[in-house]
Amino acid sequence: MTVPALQLEGLRKSFGKTEIIRGVDLSIGRSERHAIIGPNGAGKSTLFNLITGRFPQTSGKVRLHGHDLAGMAPFEINRRGLSRSFQITNIFSNMTVFENVRCSLLWSQGYKYSFWNMVSRSRELTEGAMEILEQINLTSRAQLPAGVLSYAEQRALEIGITIAGGADVIMLDEPTAGMSHSETDYIVELIRKVTENKTLIMVEHDMGVVFGLADYISVLVYGEIIATGRPEEVRANPKVQEAYLGAALEAEH
Amino acid sequence: MDLVVINLIDGLFYGLLLFMLSSGLTLIFSMMGVLNFAHASFYMLGAYFAYQISMYLGFWMGLLIAPLIVGIAGAGVERYGLRRVHQYGHVPELIFTFGLALLIEELVKFFWGNNLMAYQEPEILKFALFSVGANAVPAYKVFMIFTSIAIFVGLLYVLTRTRVGMIIQAALSYPRTVEALGHNVPLVFMGVFGVGTALAGVAGVLAGPVLGTFPGMAFVLGSIVFVTIVIGGLGSLWGALAASLLLGWLTTFAASSSFQFADLLNFFGMTRPEDMSESYLRDLWSLTLPQIGPILPYILMVLILVFRPYGLFGKRDV
Amino acid sequence: MKRTIKLGLGAALALSVSATAVLAENVKIAFIDPLSGPFATTGTNGLAEFQFAAEELVNKKGGVLGGTNFEVIGLDNKMDGKESLINLQVAIDQGVHYIVQGNSSGIAHALTEAVNKHNRRNPDSQVLFLNYSAVDPALTNEKCNFWHFRFDANADIKMDALTDVIVQNDAINKVYLIGQDYSFGKAVAAAAERDLGAKKNTVEIVGNELHPIGKVKDFTPYARKIVASGADAVITGNWGSDMVGLGKAIIEAGFKGPIYTYYAASNGITRTFGEAGAGTINLVGEGSINPSSSPEVDEYIAAFEAKYPDHDIAQPRIVNVIRMLAMAIDEAGTATDVAKVASALEGMEADNFWGGKIKMREQDHQAIQDVYVMQQTAGVKHTLDNSEFGLETVVKVENASADMPTTCEMERP
Amino acid sequence: MTDTYQKTATVTKAPVFSMAQVAPWVIAVIFLMVLPIAFGSNSAITIMNQMMITIVFALSYNMLLGQGGMLSFGHAVYMGVGGFFCMHLMNIVEANELPIPLPVLPIFGGLFGLGLATIVGSFSTRKAGTVFAMISLGIGELIAACSVIIVAFFGGEEGMPGDRTYFLPFFGTEFLRQIEVYYLIAFWTVLSALLMYLFSRTPVGRMANAVRDNPERAEFLGYSARWVRFFSFCGAGFFAGIAGGLFAINYEILTETNLSTTQSGIILLITFLGGVGFFFGPILGAIAFTLLQSVLSLQSEIWQLYLGALFLATVMFFPGGLAGVLMMHVPAARMGRLGWLVGPYLRTILPALIGIAGLAALMELLFHVRHSATGDTDMTLFWVTFDSHSILPWIVAIVATVGGIWLARQGAPKLRETWHRANTPGAAKTTGGAA
């Protein structure tokens, strides 16, 4: 049996007295597209932040390709092949689009903290960045400051930055939040294209996106996973329907 | 023993003076995120305005009017200067206050010249209230101590018992939320800036006669006020109070101690070299604690920032 | 873009240099001292004294070399060593052969080094450094050179005079030394310790303290220690706001004895001490103003006060700088060959404008003159700071330290 | 030399350096070579030396502030310590007659600056923002205080003097004359500027920008924000040390003022004045500031007041500094429309300058009346000598101030409109025809 790409064991997180994540066990296989859904306040973003080392967990384990990530800083986790995007657009807005992508290539191309190489002299860097820009359809925008792009373009750039480093586990936090229909379609197509043969974990509200993209779905309610499985299984699960709809209704009122 | 008692009183005096400055600064800093480098310049303006007023109307009118003028000037600076710079971000804001400090010093020199001003305490308080041993405690210092305590109590009352105070307190901890609640945050900012600078003005009026009124007085005190609020922790008035008193007593006791580093070197088993001019440690052998007293706060600050970046009482990062 | 800016810079440079170069035939004296910043008062005051002395005592009396006038050019060194060296270079380019400086021994050291190097490297544009106020003894001892002349009594000479006065006063048995933590403060403390020990070892030094320069906000703790030590007198070399802060704190703490100082007068200090300082603040210096030595001196001071109401004759020695330079130039018969002028100045003996004689000692270029201990008093003839207080001479020490040894080994060209 | 030029070059293909990149450097070198021919006086050369030293120092400061987003209040310490070590080295060379040529001295200054920066950076770069700023302030104050306490190393307030002429002659040059020193400093200035420019093009240099903009995102790209800051900090310390070495060579003395927090404040001022957003900004700042300091201070006693006002105006109205103002014109220049702006500029800026000059004249008059000697009513301003106590100069100054500012305000809307049009692709020069 192969080691799963990402494995969570009894993961818990408390803020003060409030327990937000209450023992999550989850195993995500390689090259799987896995969506985490759940009502508002279920702890999806917290779960993301725990996995990527943004917050330290209270107890439990996170394993990436079998390695325990406990106590690792975000950059160390990233170097082990996990990359993420953010719910709120998080790019280098004063730098050009091209620079944004090129910066995200540096570590994976082995430049590390080098101060003896000129970035502009590396054909691999330039070509690699242009290739990514090609993939996310931003070639024509390469020389603009990232801050002036449209919202959808900024989201696309964010995805571009996330995948550029060549990580094999990609985590996207609500990639289509706040987008129009056509923009959503564009982004979904983009995600499908760039995560080919990679492990994808995403949090998403738009059920159309979830059921269109995901191979597996996990449902997180009040810090616990109540169901995991193929989209059709999850859809049919009465427990999910009850709990999810109930919680969703509660959250709305 | 007498010396310890008198040092306690002097340290209290100096600490409370620091607190009058740091309380206003910590209000401004935690609310607007602005490290107001010109804070001590408002302190200087307080002293100069009061001096000018006292020439015509006497000390007490100066104490009353000068802080008001300083407060209005501070509010004006916020309204017409800082608010404009705010859009460019925190670093330009900080640099703005840095430039402001420079400009205020130059303006003071332009109008009053470089000389020391003969700003005096009022005649009525010019006597020694009591003595500890041979050391006299001037009535004016006791007056200052009580004035600053009164200001602190008043400030605490306003912050905890009034509606405006509640808003300000909330804004200290959750600036964004308060904005979202629909309060006129720019007005609150302007008010807090005005009050903060007015407090600095009061400190200037009171300290001018004791510590001297001269164009360098802001520079001398300026950075130590930052050190105070950083040590105390941001957003915490109690922290500012504790740090002010701590620094007050620390510098006072350091200055009056007679500790020599030679003792320390001897303790580590080193012997005093015969020919001092050849020894690279010769300066250490003659060093005393009073010599480095005024830089102790900086050492303390660096240590605190390295090991506890949110200060003694603070909850969030500096 | 970059080029036009640099061209603009060139034009501005040329402009600045030409704008200040006027009247080439005068004997130009470059005054290099702070004219802006926190120490500007001392600087502008000194410049006024120089310009007044040059005008009244040289130019109005026919100039030097049968009609050449003195011209004093003020250059702002911003109390910074680097700026002083730039000023020196600017002055040399304008054909200046004499520079005068006094504020800060640190800058004096930088200048005397630079002048020495310049004169060695450029024998055709040599300059003399006339130091009118920097009192670090080293300048006429181990760091002396042929191009440097000091017209003020140095810290050791002043302390020698001061301790003479102290040991004659039977009321003083315990002395407290306190000063700023830098070379001058240390030199004062060392000299006091040495002189008191040698002259009267029953005088006890109950405290010897240094505090950081310009960093102390509240001097009260230091004052407390002084009072608690039971000292009868305090000696300090402090200046500026450190002097005022210390003095006020000591007096407020209830200290009743005399405070002996080097620089506690003028620039607002006299006025700030006011009544409290009267009878307490003592100052050691050269040149007695109250009483003056002659009606001519009274007239000179009155004329100066009338022309510069905001300034005082705070540095009487400036008059001697101008007078002795004029005499040396006349004696040498040239104003441009400064080696000759320096030789004429060496060993020169002249009438001191303020009474008595003044001699420029040949071995070390240190002026030997009468030194006075003065006291802040109300109701004197010539007051300071437009206040009712001024300095009145208490004791005169004639030809102070005329035989003080020097370690100077001067190399003459 | 600017970011914009650089990027065009990168994307198209260019593993080699393009003309647009190399040209400014070549021009700068040629320019520095011929400059002393035009201005050969020793004082001009001294001022130019000072300018070049400031350029290196300001560029190194901008590695922190502009490129790394770290606000330091104690950068003078690295220049000072580098310089002091060079001074000691100079004295050691003199005492032991070591066979070292003078031109290599700055590299030692750089290494010592680097050493100190490594120590301090190891704990100060963990966080940016206020923590970093306050630590830098604390360290700055500490080392400045040490400079008067530890006399054995810093020489107290007399400073540490030395003599540069005892080094091994360098191709027959003993650096006796200022002009020789000028070329030595010019060489190091160009070299340091070039290296700092290239540093900003390296992976660490690029990541410094990324960390400045968004440290969290940078962490998720595999880079530790702390180590990126640390490397920038060390680089800045190194080049500050080189500036210190150059200072040691030029002035042959270092004093405690070299380490003071005032110096640290001044370099912040210079860098911001020049503009932190562009590589060449600090160069402009250093040139402008040195000129103001050496030229304005000869003309006016209240020059620091003007400097303070200029600085405040820059922060409030031109946060991009001089370089920002220049670069604002690039889009219009690309479209060949700079000519459009000449007229409105003349109509607005000329009166504004007159207004400012009038205001300055008022200040000078006020200052003269308050502080000059009694009876000395003659004053010279803008090459005119007049009586400051008569009414006429006051009227002239007030009229110039009010009139100039009024005219400038009249011209401003037109300028704004033209500016907008010049920067809008496809817009016509005037609106007249369309109506």
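By letter and in written order, the chains are A, B, C and D; residue numbering begins at 1 in each of them.
Convention: a residue touches a chain if its C-beta (ideal position, glycine included) is under 8 Å from a C-beta of that chain, and two chains touch if they have at least 3 such contacts.
In UniProt terms, the chains line up like this: A = ABC transporter ATP-binding protein; B, D = Branched-chain amino acid ABC transporter permease; C = Branched-chain amino acid ABC transporter substrate-binding protein.
These numbers come from a predicted model, not from an experiment.
By the document's definition of touch, common neighbours of chain C and chain D comprise B. Path length between chain A and chain C in the chain contact graph, taken as the least number of steps between touching chains: 2.
Using the average of C-alpha coordinates as each chain's centre, A ends up farthest from chain B.
If you average the CA atoms of chain A and of chain D, the two centres end up 44 Å from each other.
Remark: chain A and chain B have CA centroids separated by 48 Å (rounded to whole angstrom). Here the CA centre of chain B is 32 Å from the CA centre of chain D.
Distance between chain B and chain C, defined via averaged C-alpha coordinates, is recorded as 35 Å.
The set of chain D residues that touch two or more partner chains comprises 145, 149, 151, 302, 304, 371. Contacts with at least two other chains are made by residues 109, 113, 291-292, 294-295 of chain B.
For chain A, no residue reaches two or more other chains under the stated contact definition.
Pairs of chains meeting the touch criterion: A-D, B-C, B-D, C-D. Interface residues of chain D facing chain A in the complex, by the touch rule stated above, are 6-11, 13-16, 198-199, 201-207, 209-210, 213-214, 216-225, 227-228, 231, 235. Interface residues of chain A facing chain D in the complex, by the touch rule stated above, are 52, 54, 73-75, 78-79, 83-84, 86, 90-96, 98-99, 102-104, 106-108, 111-123, 126, 130, 142-143, 161-162, 165.
If you check the complex, the residues on chain B that touch chain D are 35, 81, 84-85, 88, 90-92, 94-96, 98-100, 102-103, 105-107, 109-110, 113, 223, 226-227, 230, 279-283, 287, 291-292, 294-295, 298-299, 301-302, 305-306, 309, 317-318.
Put simply, chain C touches chain B in their complex at residues 38-41, 181, 209-212, 214-218, 220-222, 224-225, 227-228, 230, 241, 244-245, 248, 252-254, 267-269, 271-272, 274, 310, 385, 387.
If you check the complex, the residues on chain D that touch chain B are 65, 69, 71, 123, 127, 129-131, 133-135, 137-139, 141-142, 145, 149-153, 261, 265, 268-269, 272, 302, 304-305, 307-309, 311-312, 315-316, 319, 363, 367, 371.
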